[in-house]
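By written order: A, B, C and D. Residues from 1 in each chain.
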Amino acid sequence: MSPVQPAARAVGFIGLGRMGSRMAMSLARAGFSLTVYDRVVDSSRPFAAAGVTVASSPADVASRSDVIITMVPDSAAVEAIVLGESGVLDSLRPGAVLIDMSTIDPNVSRKVAAAVRERGGHMLDAPVSGSIALAEQGQLSIIVGGDPAVCDSVRDVLLKIGSRITHAGPNGAGASLKLAVNIVGGLTMQALAESIVLAERAGVSPAVTVDVLSNSALASPFLKYKAAQLLEPLAPAAFTTAMMQKDFGLVLQMAREVGVPVPATAVASEVVTMACALGFGAQDFAAVAEVIRTLSGTVRPTKADTGNE
Amino acid sequence: MSPVQPAARAVGFIGLGRMGSRMAMSLARAGFSLTVYDRVVDSSRPFAAAGVTVASSPADVASRSDVIITMVPDSAAVEAIVLGESGVLDSLRPGAVLIDMSTIDPNVSRKVAAAVRERGGHMLDAPVSGSIALAEQGQLSIIVGGDPAVCDSVRDVLLKIGSRITHAGPNGAGASLKLAVNIVGGLTMQALAESIVLAERAGVSPAVTVDVLSNSALASPFLKYKAAQLLEPLAPAAFTTAMMQKDFGLVLQMAREVGVPVPATAVASEVVTMACALGFGAQDFAAVAEVIRTLSGTVRPTKADTGNE
Amino acid sequence: MSPVQPAARAVGFIGLGRMGSRMAMSLARAGFSLTVYDRVVDSSRPFAAAGVTVASSPADVASRSDVIITMVPDSAAVEAIVLGESGVLDSLRPGAVLIDMSTIDPNVSRKVAAAVRERGGHMLDAPVSGSIALAEQGQLSIIVGGDPAVCDSVRDVLLKIGSRITHAGPNGAGASLKLAVNIVGGLTMQALAESIVLAERAGVSPAVTVDVLSNSALASPFLKYKAAQLLEPLAPAAFTTAMMQKDFGLVLQMAREVGVPVPATAVASEVVTMACALGFGAQDFAAVAEVIRTLSGTVRPTKADTGNE
Amino acid sequence: MSPVQPAARAVGFIGLGRMGSRMAMSLARAGFSLTVYDRVVDSSRPFAAAGVTVASSPADVASRSDVIITMVPDSAAVEAIVLGESGVLDSLRPGAVLIDMSTIDPNVSRKVAAAVRERGGHMLDAPVSGSIALAEQGQLSIIVGGDPAVCDSVRDVLLKIGSRITHAGPNGAGASLKLAVNIVGGLTMQALAESIVLAERAGVSPAVTVDVLSNSALASPFLKYKAAQLLEPLAPAAFTTAMMQKDFGLVLQMAREVGVPVPATAVASEVVTMACALGFGAQDFAAVAEVIRTLSGTVRPTKADTGNE
């Protein structure tokens, strides 16, 4: 194996959504020779304006890049971009490294990695964690699956996107660990929902419950900003209920495949399904609290009611 | 209502277990005129040695105290100590304040409060959160239910036990909020168990998973010390599986009574029941990870295996 | 032990609700010398009209009876009637047999049995299964806990109420087995709800689903009449959602106590809590289907829509 | 649309497993001109011996048949057989009818139906319910999705396999309804497991519990033969735990897609995952009772212990 040298490195970026656009812009700012692509043409505009090359297809990106990053919504999108028509594999440079930073099915990730390997390239699954604000600052957390030497060879690129890189194991291990970590986020939200509504029905205002939790050993950054979202349901979505449903679906499938029972996750997933069915799909997944509230026959207190003591 | 003046204040403390003994000792150190009692005679020895008055019954404590604190394992113990034979009510001073700091059924708490009120006293439910180390330092967190003026009248006492006091509402609100908060602790542990074992079966060592979680937005003090416990199952128990089962039982009963569905809590409670049935009752409730591990047919990696990369 | 002779037998019946009144009337028709009592005076009217003795209290019933049957809503009612003021124990005849046919907490049942034994009587827990129609015909199913010889001594009485008597074990075993059996009823209903609404959302009318189920290996009398209820939600309640919630509460408490995890029951119980919170408490517990339907965002098809193909 | 005339009809059968071989043999006995295929060559031997034509590939079957039936383990197998190399579509006769009787993903079923339609054929999804014994007698229950006229055109064939045919709706409706019905079977088993082990721990022998259930309104043919399996765990598997896990996986995916929460099914699925992980995959899914029993710390009573009273 001989990964390309950083000096010569041209980087391609496919998928310019909410997270991807920030991550790609970090790379542009860092001075990499960048080519971008998104199937929604408008998404590339700010990059064209900044002098970044805009490709016409994933294959076009691949033909111009030593390192190609994909950041797209789901397994099907990764398969289409890499294996599909005018896909990355159509014009992969020898020794090129494909880094998929999406959160997808580990099986699909391994399948794509095998196809890339067969074509003489390298693949890493390198999903990211963190908010849009952290993406903007290049401070995401990255979990990597794949050959450690390949991971080292692109560390300079990854370090413009994230401040923390953890190598989890061979291909698929990054995707697997990302899903495992998402269990904790998903269940913490479900816990907050059950906790806050239970206290609320017992006469304790959500603001007081959030205050106690935020000053307890249970307080995490996640708890703090989600608790805010729970008190202000009109706040913009950070991670939508529909995205959580997709991730829970992947977790449950993976858990069945590797043979690990995840009973609390299974139930939390059903509550997320309820939230989607009740119309909260595009809102932040803090909406699960609204589901529990609705199911307890509780009318949401208006803002004036929730003032702390 | 005329709560007694702090100056004249004699304090009684009933229940000298792992937490209670530290809390009582803080009061002794603070210079309060203290009387203690525990049904296990040996538990009072260190107090006698320190010059603290040791009473012969809860009634004996009450006859000597303006403020009486109870810190015992469950609802039945509180009922017995206050309402039972030679109980607190037998010799309650007029205007005395009973502060129950145990985690118990809010219904029992309200019932005891009514009985105390009828006898001319005041009652607060004031359960505590925090570790034994925090108890030793008088740095617990206290949630109070009851009359705010009564709460204010004993603030000097409470501040020797805890550094943070939150008034949650009328009698029973403290007990209710404590149970609601425990949902988050119980489900976070269940989430860690499912997450770590799922990643483990996918080939990622627990140490790597814990490392990623501990450096994510999900990291809380709780996650950090429980994660350590998950990696070192022989570490001494901080909160036993049997205690978690008791608390989950109270949560589920309360949720049914006030009409709030708590589906993830209900399932986590069943996993805790599995843990008790499998013999982990006296161990830290991090044992739920062993249950998930056993149920996934996974053999626990030996310590040498779990070294980080 | 010397149970009274059947010949001399006078029977008392306490609790003349929907089931109790039918059961008591069967005994009256069978020619037993009957005394009845219900705390709602009007409930005794039809019995008075039929020449049955109406007592003024449970104690009054006991003073006139060799066999006393209780059929009341919950554990607290049984405790009050037997152990309370003017209760059965106040005037229990030596050797009298108390048969509690309510569905209650096995612990309470054992506690009452011990009190009865101490007073020189005998106690059986003998909960019944079956519909109001079966109660009317004396065709209920009876599960008995207690001394087999005592059970034999009152078999003539029991056989006027039920056509099938199963001895389950010592005191408490009848109550325990009844709760265990109720798991199957509760979960079958939950299964029907999930099945029918899932098919409905996939475009299959409930009537078709019910038709297939009713002609499958899964068809039971229960499935048949509950399926009808699922298609006709305005049908009168056979067993209310509130009653199911009470029973599930007892099941879950018992399961925790004896150390058996019942995860599916725990979740079904939460759905029943949702049903109660959404206002279906007084309706048949077939209402859980309405909960699942509501949570799937599905509007119930009007009757015209559900016609079979 | 002009389905072929019954008179001219040649029937092909692909998939000669435990169920398929019995179903195909029924068609042979009924005098249809039959061609069979199974990728395991030995499976065709009894048919060759009986004078049935054995084809060399699915395409070979299709080239000889007006009606082609597939009865295989999963969605992937159906896709491979119909759409894959040397698949049914390679030599589909104009107007031929493909009947897939497997239990598969409704999405895959619809996708295959579209491909068949494009090639000028017709497709029905027609999964079956019933035991091997019923398959032998041609007494299965068949749920059909697809064009009703196509269904009518093959009714003579279907009636040799099943005694009851229900048309559920358009393509995919048969597969969907089959999955919905399987919820009831899966949850009934879970209910039996929880019920029997709970009673067992409370001191009631499984034989007594089964006896009471078998004589209650809950008694169905399913309950009766599964109860027997629960008492005799060495009895041969009727439906394996691994098959149940596959079906639950399909149910949960479908439920997420159509937006119906199925919380009890989700939890029962996790118990089935536990059963697979604990090594019961190839045994009857009555093994979930062993999981609950293991998790309650209960040692299975030996046969001598379970004798009825």
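Basically, a residue touches a chain if its C-beta (ideal position, glycine included) is under 8 Å from a C-beta of that chain, and two chains touch if they have at least 3 such contacts.
The model shown is predicted, which means the values in this text are computed figures rather than measured ones.
Taking the definition of touch as given, a chain qualifies here only if it contacts chain C and chain D alike; those chains are A, B.
Seen from the C-alpha centroid of chain A, the farthest chain centroid is that of C. Per-chain Cα centroids separate chain A from chain C by 52 Å.
A straight line joining the Cα centres of chain B and chain C is 38 Å long. Chain contacts: chain D has residues 255, 259-263, 266-267, 270-271, 274, 277, 295-297 touching two or more partner chains.
By the touch rule above, chain B contacts chain A in their complex via residues 106, 129-131, 141, 143, 164, 166-170, 172-173, 176-177, 179-181, 183-188, 190-192, 194-199, 201-204, 208-209, 211-213, 215-223, 225, 251, 254-255, 258-268, 270-271, 292, 295-298, 309. Chain contact summary for the complex, chain C toward chain A: residues 263, 267, 274, 277-279, 291, 295-297. Of all residues in chain C, those touching chain B in their complex are 245, 249, 252-253, 255-256, 259-263, 266-267, 269-271, 273-274, 276-277.
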